[in-house]
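Just below sit the structures, each encoded as C-alpha cells.
First subunit A sits with subunit B, and in the next complex the same chain sits with subunit C.
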Partner chain A sequence: MIAAPGRTAWYVYGVVDAFASLPPGRLRLVEEGVLAAVVGAVPLSEFGEEALAERLNDRRWLEAHVREHEDVLQRLAAGSTVVPFRFGAIFRELDDVVAMLHDRCAELTAALARVRGRVEMGVKGWADREQVAASLGDAQPEAAGGRAYLERRLSEQQRAQQVIALLGDIAGDAHARLLRHADEGVANRPQPHELTGRDETMVLNGAYLVGDGAELAAEVAALQADYGSRGVSFETTGPWPPHNFVEPREGA
Partner chain B sequence: MSSNEMTGIGGLAPTRSSNPAQLADVLERVLDKGIVIAGDIKIDLLDIELLTIRLRLLVASADKAKEMGINWWEGDPFLSRNGADRPELEGRLRRLEAAAGLDGDDE
Partner chain C sequence: MTVIEPTPLQEQVTLLELVDRVLNKGVVLTGDIMLSVADVDLVYVGLRVLLSSVATLDRLQAEGAA
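Here is the complex of A and B:
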C-alpha cells in the first residue's frame, strides 16, 4: 500500500488515457487498465476534512485552488484528452485512487471517448435592454392628461413584455443555431448581474462541444451580424477542457 | 471574438486571466460541472458559503427570469438538464440559511 508521503493526501484533477504524457512538474499518473488518474499531493493541513471545511469559505484560498484545478486541466488538455473531475476528489492513498478507477472504469472510458479530439467553447449572449427596446420602434406618442398617462403606462408594460419575448426568441434561436455546429451543446442558466458585474443582461450561457471550432466561430459572427444592431451581442470563451460534457447524459 | 482564440484550439491556449467575469466561468465549471467523485475526504461543496451565495443568486435569478418570462431554457428537458436538481438544491439552501441564521431574503 502506497501512502502519500508525510501528512499529505492525493488530489485527483481528472482522468486521461493510460499512455498519456504529463506536463513536467509535480503531477503524477495513477494507472489502472486503459485509464490514468492525474493526481497531485496536497497537504492534509489544508485538504483534511476539518481543514477543508474552513478553507472552502476562505474566498482567496478557494479562488486560488479552483484556478489551480482549472490550470492543471488546461495544461493536460493541451496534450491529451482529459475528463475533468469536479473540485475536491481527494484520496488518502494511491490504492484508493486505483480502486476508484476500477469501479468507475466503464463510465470514465465512455466519457473519454465522448470528448476525444474535442474542446468546449462557451458562447454568451448579452442584451442591452434599452437598445433592444429601442429596436422595437417608438412606443406611444407623447400626450398629456390622465388618460394619456394610463395609456402610456400600459404601453410601457407591453413594451417590457415585448422585450422579454424578443430576448427569449433571440437566445433560443442562437442556441439552436450554435447546436448545428457542435457535437453537443448545453444552455446553462444565464449568470446574474451580481456575478457578471456587467450592465448588460446575460441571455445565453451556452457551452458547446466542438472538434474544429471554426464553424462555431463563424456562426457566432453571423449571430452578431444578425442581432448586434438590435442590442444583443455574442461573445466566445475558451477553449475549455470539456467540463460540461463528461457527466453521464440523462437516459444514457 | 478574435480569431486568435479559435486558432488556439490545437494548443489550447490558456484562458487564464484576472478578469472577474472569467472567475465566474471558472467557478461555474470547476465547482458545478465535471465528474463527481466521492473521495476519502468528505467534501460538501454546498458548504461553501461562496458557492451557497452563488447558487442562491442563480436560483433567485432563475425565478426572477421565470417571472419575467425569460425561462426559455427551462421546460425543454434537453436544455434544462441542470434544472432537475433544483428542488433539492433549494431545500439544501434553505437548511443552510436556517443554520446560518439567514432568512433567505437578505443580500
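Here is the complex of A and C:
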C-alpha cells in the first residue's frame, strides 16, 4: 500500500485490564469491555507494510524498535498484568483495535488470568564440550599399528556421541527440575553458536512462569552445583514480560 | 506484583535475546490488522543471517586490529 506522508497508524504493545494505569508518556489505552490495548501512534512512513519489510533488514532500526517494544512492556509489567504482543502489530484505526479486543476477548482474558501475578524467567544451560568429554573419563587406549587411525577415529566418534547423549540427559534433567518450581515452562530451541558468539554450546534455552522466582533461583544454583564440574553451567535471565506464556495452549 | 531483582545480565540484554522473545514469541494477531510482521520465522532467519554476518565482521575487525 502507499502511505501518505505524515499519516500514522496504531502500534499495539500488549493487552492489560481495562482499569490499568499507564506510565506517563505517549502511550494510550484503547478500552473494550474488561480489556484494554496499550497503543502508541507510529508513522506509516516507517511502519507501513512495505516500509516495515525494509526496516526489518536494518539492524539499527530493528534493535532500537525491538528494545522500545520490550521497554514499554517492562514498564507496564511493573504496575499491571500485561499480555505481551509480538513486535509489529499495527492497526490502521483505533476502531480496528477495538474490534480486535472484542473478537479475541475470551482468548485475551484467559491469557491475562494465566500470567496474573507471575513473571517469566529464562534459564540457559551452557556446555563446555571438552570439559564434558573429559568428565566421561579416559578415552579409549591408543591403538598401535596400521589400524590405529581408524580405531582412533571410531573412538572419537563414539566419544562425540556419548557427549551428545550426556548433554541431552543433563538438559532434560535440568528442565524437569526447573518445571517443579514453576507454574509452567517451555524448553525453546537453543540458540546456535553463530548467533550467541560464545565458545560454549547452548544446551538448554528454557522459559519458566513463576510467581516468586526464589525457588527457581535455588534450583538453578543446585543445577550449577551438580553439573558445573562436568562442564555444564547455568544462568538466569529476567524477569521478562511473559512472552512465552500468552499464546493459546495446544488443545486448550 | 512480585519483584525480582534483575540480574546484571539483564542490563545488557542482547539483541538476539530480545528478538528471540519479542519477535518470536507473544500473542500473534491475525484478522483485522492492516499489517504485521507476517512471517516471523522468515524475519528471524533474515536477522540470523544479518547478525551472523555482523558477528563475523566484528570478529574479522577485531582480528585485524590485534
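By our rule, the second predicted complex is superposed on the first by the 241 of 252 C-alpha atoms of A that agree within 3 Å, B and C clash if a C-alpha of one lies under 4 Å from a C-alpha of the other, contacts with A are read in each partner's own complex, and residues count from 1 in each chain.
Just so we're on the same page, a contact is a pair of C-beta atoms (placed from the backbone, for glycine too) under 8 Å apart; a residue touches a chain by one contact, two chains touch by 3 or more.
None of the values given here were measured: they were computed from a predicted structure.
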{"item": "First, second, both or neither for A:137, with subunit B first and subunit C second", "value": "neither"}
{"item": "Partner chain in contact with A:175 - subunit B first, subunit C second, else both or neither", "value": "first"}
{"item": "Partner chain(s) touched by A:203 [first = subunit B, second = subunit C, both, neither]", "value": "first"}
{"item": "Partner chain(s) touched by A:165 [first = subunit B, second = subunit C, both, neither]", "value": "first"}
{"item": "First (subunit B), second (subunit C), both or neither touched by A:24", "value": "neither"}
{"item": "First (subunit B), second (subunit C), both or neither touched by A:117", "value": "second"}
{"item": "Partner chain(s) touched by A:237 [first = subunit B, second = subunit C, both, neither]", "value": "both"}
{"item": "Residue contacts with subunit A in the superposition, subunit B compared against subunit C", "value": "B"}
{"item": "Which superposed partner A:71 touches (first subunit B, second subunit C, both, neither)", "value": "first"}
{"item": "Which of subunit B and subunit C A:99 touches, first, second, both or neither", "value": "second"}
{"item": "Subunit B/subunit C common contact set on subunit A", "value": "9, 12, 14-15, 47-49, 52, 56-57, 59, 62-63, 66-67, 69-70, 77-78, 83-92, 96, 100, 108, 111, 119, 122, 188, 191, 194-197, 212-213, 235-240, 243-244, 246-247"}
{"item": "Residues of subunit B that touch subunit A when the two form their complex", "value": "1, 3, 5-6, 8-9, 11-16, 20-43, 45, 47-50, 54, 57-58, 60-62, 65, 68-73, 77, 79, 81-82, 84"}
{"item": "Complex interface listing, subunit A residues touching subunit B", "value": "9, 12, 14-15, 47-49, 52-53, 56-57, 59, 62-63, 66-67, 69-71, 74-75, 77-78, 83-93, 96, 100, 104, 107-108, 111, 119, 122, 161, 164-165, 167-169, 171-172, 175, 186-192, 194-198, 203, 212-214, 217, 220-221, 234-240, 243-244, 246-247, 249-250"}
{"item": "Parts of subunit A lying in touch with subunit C, wherever the complex brings them together", "value": "9, 12, 14-15, 47-49, 52, 56-57, 59, 62-63, 66-67, 69-70, 77-79, 83-92, 96, 99-100, 103, 108, 111, 117-119, 121-122, 188, 191, 194-197, 205, 210-213, 235-240, 243-244, 246-247"}
{"item": "Residues of subunit C that touch subunit A when the two form their complex", "value": "1-2, 4, 6-7, 9-10, 13, 15-29, 31-37, 40, 43, 46-48, 50-52, 54-55"}
